[in-house]
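Take a look at the structures listed below.
The two complexes that follow have subunit A in common; it is paired with subunit B in the first and with subunit C in the second.
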Partner chain A sequence: MSGEEFVPLSLTPLLIGIFAAVACALPGNFLVLRKQALIGDAISHVVLPGIVVAFLLTGVISAWPMMLGAAGAALLAVVMIEAIRRLGRIEPGAAMGVVFTTMFAGGVLLLEQTDTSSVHLDVEHALYGNLESLIWLDAVGWSSLLDAQALAGLPVELGRIAATLIGVIAFIWLFWRPLKISTFDEGFARTMGIRTNVLGLALVVVAAIAAVAAFDAVGSIIVIAMFICPPAAARMMTNQLERQIAWSIGFATTSAIVGYVFAGYGPLWLGAADAVSAAGMIATVSGVILALTALFGPCRKRAGAPAQA
Partner chain B sequence: MLSDALLLQLGYNATLVAIGAALLGVSAGVTGTFLFLRKRALVSDAISHATLPGVCIAFMVMVALGGDGRNLIGLLLGSALSAWVGLLCLNWLTRHTRLAEDAAIGSVLSVFFGFGVVLLTVIQTMGVGRQAGLEGFLLGSTAGMLWADAMIIAVGGGATLLLILLLRRPMTLVSFDPEYAAARGLPVARIDLAMMGLVMAVTVVGLKIVGLILIVALLIIPPVTARFWTERSDRVVLLSGLAGGVSGFVGAAISASAPNLPTGPIIVLVSFALFALSMLLAPNRGVLAAILGHLRFQRRVHLRQGLLALAQGQPIYERLTLRLLSRAGFARADGVATELGRARAAKALRDEKRWEVVRADQSHEAAAALYDGLRDIETVLTKDQIVDIDRRIGGPQEVPA
Partner chain C sequence: MLELASSNGIANTNEALAESPLAIRGLTVSYGQKPAVFSVDMTVQAGAMTAVIGPNGAGKSTMLKAALGIVKPLSGQVTAFGKPLEDQRARVAYVPQRASVDWDFPTRVIDVVLMGLYRELGLLGRLRGRHKAKAMDCLNRVGMRDFADRQIGQLSGGQQQRVFLARSLAQDADLYLLDEPFAGVDAATEKAIIAVLKSLKDAGKTVVVVHHDLATVTDYFDHVFLINTRKVAEGPVDVAFTAETLQAAYGGRLATAQIDQLSRAAG
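So, the complex of A and B:
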């Protein structure tokens, strides 16, 4: 494919897809190891009411209020889960289930009650995202990458997701040692003076920010898939955290690229006329990668576990 | 309007939906209880999301065979099939790889749902207008429900309840103590699978009414609600079924009473309201009960410490203690003990001394273990024992005025 076609139509969605996938996969590594993988699932459900409330308050579809609304909803959900778990003495999984389904139901109800026909805001959009539509109309070819005027026309989502990715990387870089220690041995971390509960909450908040930024661009399916599938697949490949993270970045990038290409061109190769959902395809590809590593990965078994009970 | 809806006066379709939703709520509540007690509540989330590809494939197969593609039985069969595949994937991932159950749930959920979305977009390009209705499975749609659809839901709900009735004893045993169940020779893995099969049945039946994203709520919220009220598993099952049924019925009625009130979300919100009420008001496990219990305990500690301070002639500065003492008539507002107060204080001090003896004596070890600073010694020892202890302490002494 030539640069004239690729750069405006595919380069930016592809980059956004990769950035979103990596930004979610990075905190996902720690969430999976801490057995909090479903926090990602919960967050991606509660983002919907946050966005709807932000829209009701401001009356416009614009990025920052919605990001704030979504982040607020994610934080509220975490607090509610914790409150129900402690006050009601209920196991965390069930507490999470109570909170995120209720908030999602509230979001759907609000959405149905308000007149959003004039704006592009519906449940399907929240689920699938609109990766394919994030095109760069000002570009004419590879040379546009050096053209300041054309660069100004880049989709704003690209800048946001790139900034989020940098923030996520910075968080993990800065808190690498405490994160690593508290993930594997919380008691030891506490004796070393690491405030594990604050760190745990910070991790969830970073995950929420990544989820909200990615959600804005690619919808909630990718968010859940990228939180869990690449880290889980990476877990089957190695026993070292550093290598696991490297693998997970690799898997996330591969899923994003292969998924996007398959969604855009796969049907054409098969003779169909239209593309299929890129977000769904990226999630599917990450699942295929996970299945392959679960079947053939060198570290797929539990260490020390009996062969099969 | 709402009372009309609750009394089934809103016409044929609304009545069908309300009855169907109530039946669904009962079977979901009952099934969910076992899932909740097994601490696997979120497995239902994976199962429900895994139905989407099946619905789409069933639709495509039916269209390819020349049918209409919207036959509810066909779509539900497809959804059951793919939910079953998802369940097997989930079980395989947790048993044969190092992944913990939560990661396995998340991956099955997202991958199956993602694949389902891909298939949905394929269907959208297949033929115009025909896919209408499939999106309804995401959030449920009861608007155009037919009598045949309602019958399927009613029969499905009834059959699920019957199966639960048959399997409830082994399932209860496995939920509470899987190791013991295995030692008794029960096929734990198969019972687990049966439990999940029931969850799947509820999910599939509920697809039409509440949709696949929110059906989880009906499986999780009613059991959690019921758990607040009782400590017995059979009652949790009953109460949970009741809570589910009530939220299904009331939710469907509310949604029928006004426009723009989608059935699924309303049912979920009604059941959450029941949950919130239970969490606040339930005896023993409720938040209000816990707060009251804490306050009562606080008052007992303050009163006891106040009496001991009076007995030893120490001044009391603490406000709450003073207030409690004067309200009970043990002291005046300035902290000087009354006649009654002095008697009770002497008794408290004496009890403390008795406890001291009890705790120093090896032969009273069992009684000494019950010492918490508040317990009346009469509730632990017999009169003879107390007399014996008093003999060791000696006679009562004057309380300093």
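So, the complex of A and C:
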């Protein structure tokens, strides 16, 4: 594929896919180790009612109100999960399940009851996003990367997800030590003066921001997959957290690239006429990677798991 | 109930508190309807090795965790070296129960010990050769030097416990609080741990251990604290570790013959 075709049609969706995948996979490493992986799932589901409510209130499909609505819903969900967990004294997984299915169902109902037929807001869009449409029409080739006028026409989603990714990286870099210590041994972390409650909440908020930004660009399927699959696959490749993070970035990036290419060309190679959803294919590739590492990864045995009674 | 707890706290305040490495007043903790720890006072003797003993579910670990702010107490005041504990974190090292963490966590032995240097390193302080040398030295003191690069999941229970002890040594604290360090460890590890704890005591440090093996209390410790939700007894072993206090703490759970034997051992 030449630059004239690749840069306007494929470069930006690819970059957005990669950034979204990595932005979710990074906090996903800690969520998986804290056995909170489901929270990514929860957040990406509750985002839907948030967006619908934002649309109902403002009457327009525009990014900022929707991002705010989604973020608000995510925070509400986190608070509700904590409240149900503490008041009901049940395990976090069950509390998450109750909250996110209820809120997602509410979102679907709201969506069906409202007249959104005139605007691009539907369940399918929420699930799969619209990665293929995030093209860069102002570009004519690689030279456009240096052309200020063409750069001004970049899809806004690219800037948002890039900024989100930078924020996620900054958070993890800055709080690396307390995150690692409190994920391993929360009680000890408290006695070291680490405010584990605040840090744990901050991690979930960062994950929520990544989920909302990624949802905006690529839909919830990728978000759900990327919080869990690359970190879980990475865990089976190494026994060191630092290397696990590196592997997860590699797996997220690979999923995004391979998934995007397969979605666009795979069906043609197989003789089918149409391309398939890039988001669906990216999520599928990440699942395949997880399956392969689960079968062949060098560190797939849970050596330190407590003995079964 | 809460008023009673706090008035106890005030009534017991005296100069001894100012010197005690750990002073607890009116500590009450509850996980549900029933308190796990009720209105407990404890004044740890500086430079001593104290065993916290009591039957299962008596609130031994809970008292320690609440004193350290790991679980939130309903009421009570805690001071370390005469100041609020929050200001004395650097002087207090805590060794949690081995089973409280997931040893499948992707990290190496040396990395766990380096966690003990977090207060020294801060968020972004550079990890230097001297930090690693210190961590290796701490591993050496517990006989685990050769395991520095192992993944923690590959260790036996006793080895894991020694790594936790090495992490607390790296903190260079003045007060060491250990929660059941001898639970489920091999004899060699028990010996190694008690040797390290005695060396800490010889260096003027204060050691408090949640302990479950009554038979070794008189060999290992010079002070005891008996608890069964409420405080039962506190003081030097020969005064507080007697047939009467054990009977009071354990009730019918210890056979009389066993208590006689223990109190003979206690002298």
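Keep this in mind: the second predicted complex is superposed on the first by the 303 of 309 C-alpha atoms of A that agree within 3 Å, B and C clash if a C-alpha of one lies under 4 Å from a C-alpha of the other, contacts with A are read in each partner's own complex, and residues count from 1 in each chain.
Just so we're on the same page, contacts are C-beta pairs under 8 Å (C-beta built on N, C-alpha and C of every residue); 3 or more make two chains touch, one makes a residue touch a chain.
All values derive from a computational prediction rather than experimental measurement.
**Student:** Just from the overlay, do subunit B and subunit C fit on subunit A, or is there a clash?
**Tutor:** Partners fit side by side after overlay.
**Student:** Once the shared chain is lined up, is A:G280 touching subunit B (first), subunit C (second), both, or neither of them?
**Tutor:** first
**Student:** Considering only the touch criterion stated at the top, classify A:W247 as touching first (subunit B), second (subunit C), both, or neither.
**Tutor:** In the superposition, A:W247 contacts neither subunit B nor subunit C.
**Student:** Would you check which partner chain A:I228 touches, where first means subunit B only, second means subunit C only, and both and neither mean what they say?
**Tutor:** First partner only.
**Student:** For subunit A, which side has the bigger count of touched residues, subunit B or subunit C?
**Tutor:** Of subunit B and subunit C, more residues of subunit A lie in contact with B.
**Student:** Based on the superposed arrangement, let me know which partner A:F19 touches: subunit B (first), subunit C (second), both, or neither?
**Tutor:** A:F19: touches no partner chain.
**Student:** Which partner does A:G106 contact after superposing on A: first (subunit B), second (subunit C), both, neither?
**Tutor:** first
**Student:** With the two complexes superposed on chain A, say which partner A:T191 touches: subunit B (first), subunit C (second), both, or neither.
**Tutor:** second
**Student:** According to the stated criteria, A:F175 is in contact with first (subunit B), second (subunit C), both, or neither; which is it?
**Tutor:** A:F175: touches subunit C, not subunit B.
**Student:** With subunit A as the corner point, what is the angle to subunit B and subunit C based on their C-alpha centres after superposing, as a multiple of 10 degrees?
**Tutor:** 60
**Student:** Closest Cα approach between subunit B and subunit C after superposing, in Å?
**Tutor:** 5
**Student:** Taking the stated contact definition, name every residue in subunit A that is touched by subunit B in one complex and by subunit C in the other, in rising order.
**Tutor:** Touching subunit B and subunit C on subunit A: residues 89, 235, 299, 302-303, 305.
**Student:** Where on subunit C does subunit A make contact in their complex?
**Tutor:** Subunit C residues touching subunit A: 32, 65, 68-70, 86, 89, 92-94, 96, 99-108, 111-112, 115, 118-119, 121, 123-124, 151-155, 167.
**Student:** Which residues of subunit A touch subunit B once you look at their complex with the stated criterion?
**Tutor:** Per the touch definition, subunit A meets subunit B at residues 32, 35-38, 40-41, 45, 84, 87-91, 93-98, 101-102, 104-106, 108-109, 112-113, 123-124, 127-128, 221-222, 224-225, 227-229, 231-232, 235-236, 263, 267, 272-277, 279-284, 286-287, 290, 294, 299-303, 305, 308.
**Student:** State the interface residues of subunit B toward subunit A in the complex, per the touch definition above.
**Tutor:** Subunit B reaches subunit A through residues 36, 39-42, 44-45, 93, 95-100, 102-107, 109-118, 120-122, 125, 135, 138-139, 213-214, 216-217, 220-221, 223-224, 227-228, 260-262, 264-266, 268-269, 272, 275, 279, 285, 287, 290.
**Student:** Which part of subunit A faces subunit C closely enough to touch in the complex?
**Tutor:** That would be residues 33, 89, 174-178, 180-181, 183-188, 190-194, 235, 238-241, 243-244, 299, 302-306 of subunit A.
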